[in-house]
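The following block contains the structure, expressed as structure tokens.
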Amino acid sequence: MDLLGLANYAVFMGILIGIYALLSLGLNIQWGFTGLFNAGIAGFFAVGAYASAILTSLPASGRLGGYELPLVVGWLASMAAAAAIAWPIGKICLRFRSDYLAIATIGIAEIIRLVIRTEGWLTGGVRGVTGVPRPFGDLDYMPSQLAYLAIVATLVLVAYLLVERQVKAPWGRMMRAIRDNELAAAAMGKQVEARRLQAFVFGSALMGLAGALFVHFNRSITPEAIDPMIATFLIWIMLILGGSGNNRGAILGAAVIWIIWSVSELLTDRLPTEIAVQAKYARVFIIGLTLQLVLRFRPEGILPERQAGAPPHR
Amino acid sequence: MTLMDFLNFHLVPGIVLGSIYAVGAIGITLVFGILRFAHFAHGDMATLGAFIALALVTAGIDPWRALPIAMAVMAVVAIGVDKLFYDYLKARPKIVTVMASLGVALMLRAVVQVVFGVDPRTYASGIVRPDDYFGILLRDRELYTLAAVVLIVIGLTLFLRHSRWGKAMRAMSDNPDLARLSGVDNRKVTMLTWAIVGALCAASGFMLGINNELHSMMGWQVLLPMFAAAILGGVGRVEGAVLGGLIVGIAEEMSIFILPAQYKAATAFVLLLLILLVRPRGLLNGKVL
Amino acid sequence: MALLDMKDVRGGYGDADVLHGVSMRVGEREIVVIVGPNGAGKSTAMKSVFGLLTVRGGSIVFDGEDITGWAPDRIVQRGICYVPQVDNVFREMTVHENFEMGAFLRRGDLSAAYDRIYGLFPDLKAKRRNLAGDLSGGQRQMVAMGRALMLDPKLLLLDEPTAGLSPKYMEQIFQITRDVRDAGVSILLVEQHAKQALAFCDRGYVLATGANRHEGSGQALLADREVAEMFLGG
């Protein structure tokens, strides 16, 4: 690979890392600060991606679309759509321990997948949505990539600052108190439910936005683009390894895991085809194992939660 | 549609599917009730059990003879998984174990994919014609499935009701602190629970496989209906898991009357949300965690 | 020599101490009562005997053996049984199964033990197939005591066995406690109904904010002006 190729690859990776960082930040709000188990991240991501794609894409026969609305509308809609799905699920499940939310989010991710495949009039079915505009998409390749990187980086920064501010505010302190002490949480009752719901909905909205950024980067989306289990699981490892409860950790984890994941893909792609398929699944085994190892040997992650006086992490 | 068509094409398949769900849901409800966490590797343990049975069948053993062997192997595997991946998390909040179980799910599935590949497989090839029992059409394998489920449920119920360690398991599920004060060894109950759960996983995976086909995602795809069944019946209740399993199975087969066939898999989810909304303790008053 | 001898026990649940030096003795065939305001550490003192919290200082000697820091199941086998203040029965199990769980560590023929328990609690005989969770509060308390007595302990710890019970049941529980003692079991008992408890016990301890305040025979404590002002409504 020559230098230019390397630079291209770096920018490409940078954009994807930014998108994963948003997902990881979203999960950090839910799990890191509030202790909510979202096992359907890929679902919220997909909803955001399709929502923005449908609203902003060029007309296509056989499916809804062709509104060609401005990008900002698409992005806001992606957040709203993900939030709108998160709300009723949270409303029903957050009264109970997080196990129930985990089950329900696995379910909703599955249903979202079914809807995307089945409702061709809305999502284009297996053909997906194409003709999704990309900001600065008519520039040359490199400037266009750089411009997109700048947009993603800005949004990650904004999200980071917003979340940091929330977490340092009384809201964040209360959330941590709830997370770390189930008894106190139970005593606070109704108010806790409302706060948890806010965290769940807000986190999911960020995941929806990440979906939108992905679809505008890719210019299209198909149901195959998102493997629900693996996508969800990658985000989990990013957060846990990076340091759940720490926003910088969430972003760092996204970078580390995404680089390892894609480099290992490059490597396994070079293997002879007979073992390439097996190597692909061996990689999945290894990410599963990585989680176990992190949970066992460094549960607080690379950048532990900063918190005076409290035990490092759970 | 005649009554017989309804019975043969909807109710009977619903009952067969439901009793397979029941076996899976019993395992889920035991882990949920005794060890107090949602075990997300349950479906993939079932997959692994089904493929272990396949390996035995390939080696020339009759499928229904392979079942008990696969159950025994999975009992050991489940204990091993607990020792390797769950046990050291017991001092942390239970939800961390839930997460670990999601990782185990991925790992077990990857093992199946690497060892057995991703193509669908069957225990026996060829089409089996059903026999006619007074108008009800049943294949041998369906009959054996129902019989096996009945045996498993009766055996397990007797064990939990009347044996010393069965009572210890119920005591642990009912009031863990008091069980410990009574001298029940937590570790032994945990091991025993995993042995039973592993065996049940193998049974449900095998029965899914023999009534349809085996593939690496088969267990993950039934995880949601099995959880829905366990919660619907009431967490911690074996009878509840059976009832819930049958309801979910039958409801899935009936769902085509109101939903497009592609959304069959959504039935369990709807039932789950409904029961959480109106009666979170489940039909038979189980636990709420 | 006392059967149980706690000396200057300190400890708590997390990092902070709840007990700041509690000393207590229970002799053979003695009923000893602990009274004190809510949150005084009465239950905690009892749990410390039973190995349910981190003891950071002092010693607990039972029957000539230092049992400080032992795990509960070992303590059970050594001859102490404990009835917690709350959640003290298996609600989803029958009365009889509760007793069976009480005897979990015992092998061999248990029919004599069951006869003894049903002799102490005749009301429960007819209810033996009922779920413990379906019983009235008083009957549930009896199940809890019965479960603890199945192992034939030398010392029985009872945490507020009469809380929330009608006077009739309270009298009955006290009577049973005496019967148990007469059968040779020593009893350490936490009570909210201080007046009644001090009247029927052999000796009593008054605990406040995690430390001993007063001790003496029941009668002496009842007569003490300070104790009376503290707990007995003047």
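Note that the chains are named A, B and C in the order they appear, and that numbering of residues resets to 1 at the start of each chain.
Note that in this section a residue touches a chain if its C-beta (ideal position, glycine included) is under 8 Å from a C-beta of that chain, and two chains touch if they have at least 3 such contacts.
These numbers were taken from a predicted model, which means no experiment stands behind them.
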Touch-based graph of the chains, sorted into line, ring, star, complete or other: line
Closest chain to global C-alpha mean, per-chain Cα centroids: B
Intercentroid distance (Cα basis), subunit B paired with subunit A, Å: 31
Distance between chain centroids, defined by C-alpha means - subunit A, subunit C (Å): 54
Subunit B and subunit C: spacing of chain centres that average the CA atoms, whole Å: 43
Touch list for subunit B against partner subunit C, complex: 164, 167-168, 170-171, 173-175, 177-185, 236
Subunit B contact footprint on subunit C (complex, rising order): 50, 72-73, 76-77, 81-82, 84, 87-93, 97, 100-102, 104-105, 147, 151
Subunit A-touching residues of subunit B, taken from the complex the two chains share: 32, 37-38, 40, 84-85, 88-89, 92-96, 98-100, 102-107, 109-111, 113-114, 117-118, 220, 223-224, 227, 231, 260, 262-263, 265-266, 268-269, 272-273, 276-277, 280, 288-289
Residues on subunit A engaged by subunit B in the complex (per definition of touch): 35, 37, 39, 89, 92-93, 95-100, 102-104, 106-108, 110-111, 114, 117-118, 229-230, 233, 236, 240, 277-278, 281-282, 284-285, 287-289, 291-292, 295-296, 299, 314
